[in-house]
Amino acid sequence: MQIERNAFIGCDCEYEQAKTVIFGAPFDSTTSYRPGTRFGSKAIRSESFGIETYSPYQDKDLLDYNIFDSGDPELCIGNVDTALQQIEDIAAEILADGKRPFMLGGEHSVTLGAVNAVHKKYKDLYIIQFDAHADLRDDYLGVKKSHACVMRRCWELVGDGHIYQFGIRSGEREEFKFAAEHTKMNKLGLDGIEKAAEELKGKNVYLTIDMDVLDPSIFPGTGTPEAGGVQFTELLETVFKLKELNIVGADINELSPQYDPSGVSTAVACKLLREILLMLEK
Amino acid sequence: MQIERNAFIGCDCEYEQAKTVIFGAPFDSTTSYRPGTRFGSKAIRSESFGIETYSPYQDKDLLDYNIFDSGDPELCIGNVDTALQQIEDIAAEILADGKRPFMLGGEHSVTLGAVNAVHKKYKDLYIIQFDAHADLRDDYLGVKKSHACVMRRCWELVGDGHIYQFGIRSGEREEFKFAAEHTKMNKLGLDGIEKAAEELKGKNVYLTIDMDVLDPSIFPGTGTPEAGGVQFTELLETVFKLKELNIVGADINELSPQYDPSGVSTAVACKLLREILLMLEK
Amino acid sequence: MQIERNAFIGCDCEYEQAKTVIFGAPFDSTTSYRPGTRFGSKAIRSESFGIETYSPYQDKDLLDYNIFDSGDPELCIGNVDTALQQIEDIAAEILADGKRPFMLGGEHSVTLGAVNAVHKKYKDLYIIQFDAHADLRDDYLGVKKSHACVMRRCWELVGDGHIYQFGIRSGEREEFKFAAEHTKMNKLGLDGIEKAAEELKGKNVYLTIDMDVLDPSIFPGTGTPEAGGVQFTELLETVFKLKELNIVGADINELSPQYDPSGVSTAVACKLLREILLMLEK
Amino acid sequence: MQIERNAFIGCDCEYEQAKTVIFGAPFDSTTSYRPGTRFGSKAIRSESFGIETYSPYQDKDLLDYNIFDSGDPELCIGNVDTALQQIEDIAAEILADGKRPFMLGGEHSVTLGAVNAVHKKYKDLYIIQFDAHADLRDDYLGVKKSHACVMRRCWELVGDGHIYQFGIRSGEREEFKFAAEHTKMNKLGLDGIEKAAEELKGKNVYLTIDMDVLDPSIFPGTGTPEAGGVQFTELLETVFKLKELNIVGADINELSPQYDPSGVSTAVACKLLREILLMLEK
Amino acid sequence: MQIERNAFIGCDCEYEQAKTVIFGAPFDSTTSYRPGTRFGSKAIRSESFGIETYSPYQDKDLLDYNIFDSGDPELCIGNVDTALQQIEDIAAEILADGKRPFMLGGEHSVTLGAVNAVHKKYKDLYIIQFDAHADLRDDYLGVKKSHACVMRRCWELVGDGHIYQFGIRSGEREEFKFAAEHTKMNKLGLDGIEKAAEELKGKNVYLTIDMDVLDPSIFPGTGTPEAGGVQFTELLETVFKLKELNIVGADINELSPQYDPSGVSTAVACKLLREILLMLEK
Amino acid sequence: MQIERNAFIGCDCEYEQAKTVIFGAPFDSTTSYRPGTRFGSKAIRSESFGIETYSPYQDKDLLDYNIFDSGDPELCIGNVDTALQQIEDIAAEILADGKRPFMLGGEHSVTLGAVNAVHKKYKDLYIIQFDAHADLRDDYLGVKKSHACVMRRCWELVGDGHIYQFGIRSGEREEFKFAAEHTKMNKLGLDGIEKAAEELKGKNVYLTIDMDVLDPSIFPGTGTPEAGGVQFTELLETVFKLKELNIVGADINELSPQYDPSGVSTAVACKLLREILLMLEK
């Protein structure tokens, strides 16, 4: 009896052989505005059969590499502490097995779970963040682990100058002040990417992409769409510039598929994921 | 300068004169399946101008009574304990002013906040619950204050035989066993309502209506639609049978307007709210 | 070169042979709440190919009769007086040719245009109205020809006791008072239909169906959905009871297809239209 | 590494232990009107986590039985002959292993593939069909294996008097004539079910449920919604009356989830599937 | 009892202190194609809580200024003359109080009401219009005050050379001929903005932005989307170039939120509004 | 009696006078992923009244030319061979009458039907294809006439070097290899258009535009949206560069209107069609 596998297209090798392991983080309990990213990872997997495994951009094919997708765990909706611990445990297991974790959010807060695990293995960790929002609040209505605070929490782990932010175009005045002192923020666009890629050569890097960095015209399926974003091709080219880096963990997040009945946002996430996965392979 | 008031249609008297005070509870962080009820109260208020203030069912008009709608507070998304405390505080203030609180959810967990306040004032409190789901789990993935556990938590307050459940058609086997011992459950339909109304005469009653008790054909805009529900007219007639009771607090909840692009679910909630408000007035 | 005809399914005979002539009235400028009925007639025509021409209810087939559909005229959006005159002219032309006009709304106000024409030909005219709303206001925000006033305007033409209203479940208190004195109103349901059919035998009757008389569970695609309506089969059986009457004009109205992405409301309108058309044929 | 299983809720036993084997038939190439049922089986599986495994109707729980869900095969879109052969092969394998196939459509034409396999094993086969449409055309625009012809094709296999049809309310005049001579058709409703259950005792029965037999108010997510259908509870009670029969194969079909953005249709299909699966278990 | 205020985010000072007063103009009765802009102002207000009060573009914060939002008046749907008079009265009251009116449409025709009031105070008035459509027809199907004619009507007030049009890419041939003689039209794009800003220095300027000037990829929620529009950032930068001008009144219009279920169009309108409000503050 | 014509705006001359004849090809049975293009041509026609007949880009007006739109034929859903033959017959009739066929898809496979007819008349035929996908597979799951194979089938007719491909950004590795040897492919963008226009001067050219060549931000309404596409203005300018060519047949295809509830994709298709029709006229 042939059984359907539940994996992103072309990512169905055996776990043991995989270098990169995909897992979902279907969690959105702290979402401040419009919830729904809990359905993001499932949608990416399910709609991935609308794209090809081959990339004409990189002339590479997912079928030529060993990538494993373990699907979605059942996370504890309603309790961010428990959920983040669950995520950390999964990432830690993957890291312990000598593989690279690649997480599919969920809201951006899930990054904290994965970074916790990665940071325990790689003490001198750098983070590259693509995002429309600074995510540097100290708390959001009293909640410390809100998705609006995730990079602030990460900064508490990795320290000053270790977070590179790109595409930021929304936040409170205080967040921009904080960034001026503690992070390397590139406001509005992606200009500083070559410089960052140069500085980060040889470092251990965690890559987190809040897909709302994209212009909402191409990525409307997200909780807090923020006009004035980057184009898809622009983001793709920027991602390709990271291919020499030592990326030890990664995630893409904040797809909320139900806000985009056309399915374009999900298709964009699928294509972006394919390109990053292929970029990571040497 | 004339200023638009933000209130349910016909509920714009001064606070001091009001007997019933409406407030929103825009919270859905523990929603187990599809979130979105945080937008319920706002939608009810905004769409209420599609219905009339007059009820041909009861031959009463909202314009003839003093009802006040205070709008939505900003609740702490992501932290159920804080949010429930905020709700309790609002309800307590209304009760302290000698008025009846009428809450618009939000997910069903918010009922716990209001019941906490009402129970502090009325020790021997009875609850009438209309719902598709038993909501009697002890926890949901470890979360105790989940919307799937709200009646269990209420039971801990009001005790055996104090909760009357109607329309229940979904739950774990354990919940139905629990109900058999501790609550007065009417499975599937609304049959026992006359008996309940008889038994509860003279008692202090809190009325909570999870609107998913309605058949999803007429109320699709909810997180966990459950087929086999009651018709709108059936629910209306049942509600009218409660008019002799001493209802000291009430809520309607679990409208998730974005799941119903036709707006019918919101219109149903508006009409139901009008009818209950009128039923409460002598 | 074969050319596609723009007509309701099975209604593509030549104009000269037709007994019944269908035309659209794509107008909604006075709609008080949610506009969009201007797209109703077009949707009915376009989606009619999802149903059959044969009715198993009546064992009749549209293909066996001569019915002509002239499509939609371009009505004057933004000026209700001009639009009603355009409608009256079309109906008058059909009547002058000895045929029966069957109008597809559009909002309910368009009925006034058709009734103007029919009443000029048949002085002692009776109207049967199926509707959720009384439509008996004298004006709506100062507008006399609003869809909320259409039966009041018709009453000014046909006089006391000449309007039979069914299914009415919404209105201001004043409208219900007016009805008690001037029309034959059946509140909430369709009970009085046999009596009406008896009384109207031999009279000239205009039939107007505001499809929001149906429960919004089956007909969500309308501007002001009103819960507690009649079921489809109930309406069908009621319509069949009119088959002995002398119906000299008819319309169905208030479909707003964009509010129902499932297309069910439009399919319901198509089936209802087929059944009425067949009922009218001897 | 824990891996997410791709199965209907509670249907994740090992294949070897299963008595009933679920598989998808994601095919809709012959759909005459609005396509999209190819996404039906996937949606049912994915949304099944919104319902419980326990049925308060039957007091049974999916967790207490051995049911296996193999997921969706990749069928040949665009070629109905190939696709039906693929389906027949899967059903034949399940039957050869001594298990009962339970297929999730797809459009109704897929039933022919499964019935082909079942009929090869059980020569004297009876079919119970719930459906809004007769599906008895000899061809549709020249296509013989269209979903509009599927019961005609099945009749060619099983012969006169072997097909019991329920809920039929749409078709060409010719189909109703054909039914009068060759099948046991119950027009419009479900009345003859007790008689059928009596007659079919001890026979081998294939059960096929085109879910558009339900009223479109509760099941709008289908290609050709047909008003005047049966209520959910009505269908449920009817299904329960089949529990003494020897059902050797079954399917549910014609869910087109994208036409119902509320998700109610999919939730209805999930609940119906749970109840049938439990009904089949002794 | 804390009461929710019904205002655009950060615009809740007291009326007396305000320099700019926002009001809605929920009117769309003359909309030629797809109605729905009557819901635009309400949506902007309600969704404004998805953006921040701080602008990283201008390094300004709404919280630092006094802006008052009076909400939506109830305009006379169905009668454009009455509605425009209502709008004029509101704008006149604001102007009489020495404040600047900022109107949220509604369809573009509402601009005529506001310009009527502004022109009575500032006789030598200039208008800057951003729009996809010329709006220069003399009438539309006989209606003079249609949204398709609004700039023609404004031209009758302010005269030759006093209207600067940008982004125009749709109209009848006659409208473009009219523009060549009577207005300063910049076809397709925004090129002439510096020149215009130079010429208008020291003049009294009314700014009207039909948001369909934006490309429909970023602003799909409008009645007549017109491909080939300007990008969001492009429009923002253009708006910033007006900051030295003496803008005595302004509006944004033609958001029809229901056509964009993703909510992006409304979010775009919110962000645009914030940026214009901040640009107006010295 | 005035009768509504069923034609694209401004394309309602008599057949005999027409130089260009539009017809629909409502077929999508081989669509590999998300079906629905069968509704494309009807939507284009119906929504065309949202745009003007005049083009400010070309300063031309459809009303000044003779173009005929015959509407949609009823194609054989479920059988690609029959459907393609039907299409070929229609195109052949138009060609035999000395007119240019302009087909509105439908999925891309329909191009084969039209090219079959055109190629029989013009043996040395060149094809210009705008598309996101190469469409050069030899088969798709065994189906040879799938929309994923259409240019491969066309290549079998017209031969090496006769197909110019633009905007291609998706396919299997094998398709790109095939293109390198047999077609003139311009990957990702539209750069080679001037060169192509030069080379094709004086040749007989068939123009086929799969509208998914556009970026999905502006054209989300299609079955397999592929990020990284061209902008609308870019495509328009490219199309204008073809105006000196001898275009003997043309089509636009792959609009699936139901995936874009905003209607923007359909509006884009309408505007594109208008501009191509005007470009074709000398």
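Structure notes:
Lettered A, B, C, D, E and F in written order, each chain numbered from 1.
Here is the rule we use: a contact is a pair of C-beta atoms (placed from the backbone, for glycine too) under 8 Å apart; a residue touches a chain by one contact, two chains touch by 3 or more.
The structure displayed is predicted, hence computed values, not measured ones.
In summary, the chains found to touch both chain B and chain C are D, E. Minimum number of contact steps separating chain B from chain F: 2.
With chains reduced to the mean position of their C-alpha atoms, the one farthest from chain D is E. In this entry, A-F is the pair from A-D, A-F or A-B that repeats the interface of B-C, since more than half of their contact pairs coincide by residue number.
Chain B and chain D have Cα centroids lying 38 Å from one another.
Residues of chain B in contact with at least two other chains: 34, 215, 217-218, 261. Pairs of chains that satisfy the touch definition comprise A-B, A-D, A-E, A-F, B-C, B-D, B-E, C-D, C-E, C-F, D-F, E-F. On the side of chain F, the complex with chain C involves touching residues 1-6, 15, 21, 24, 42, 46, 70-73, 93-94, 97, 261.
By the touch rule above, chain A contacts chain E in their complex via residues 33-34, 168-173, 176, 187-188, 215-218, 220-221, 224-228, 259-261.
Put simply, chain A touches chain B in their complex at residues 28-32, 35-36, 38, 74, 76-80, 82, 140-143, 145-146, 258.
Every residue of chain E that touches chain A in the complex is listed here, in rising order: 49-52, 54, 56-57, 59, 61, 215, 217-218, 232-233, 236, 261-264, 267-268, 271-272.
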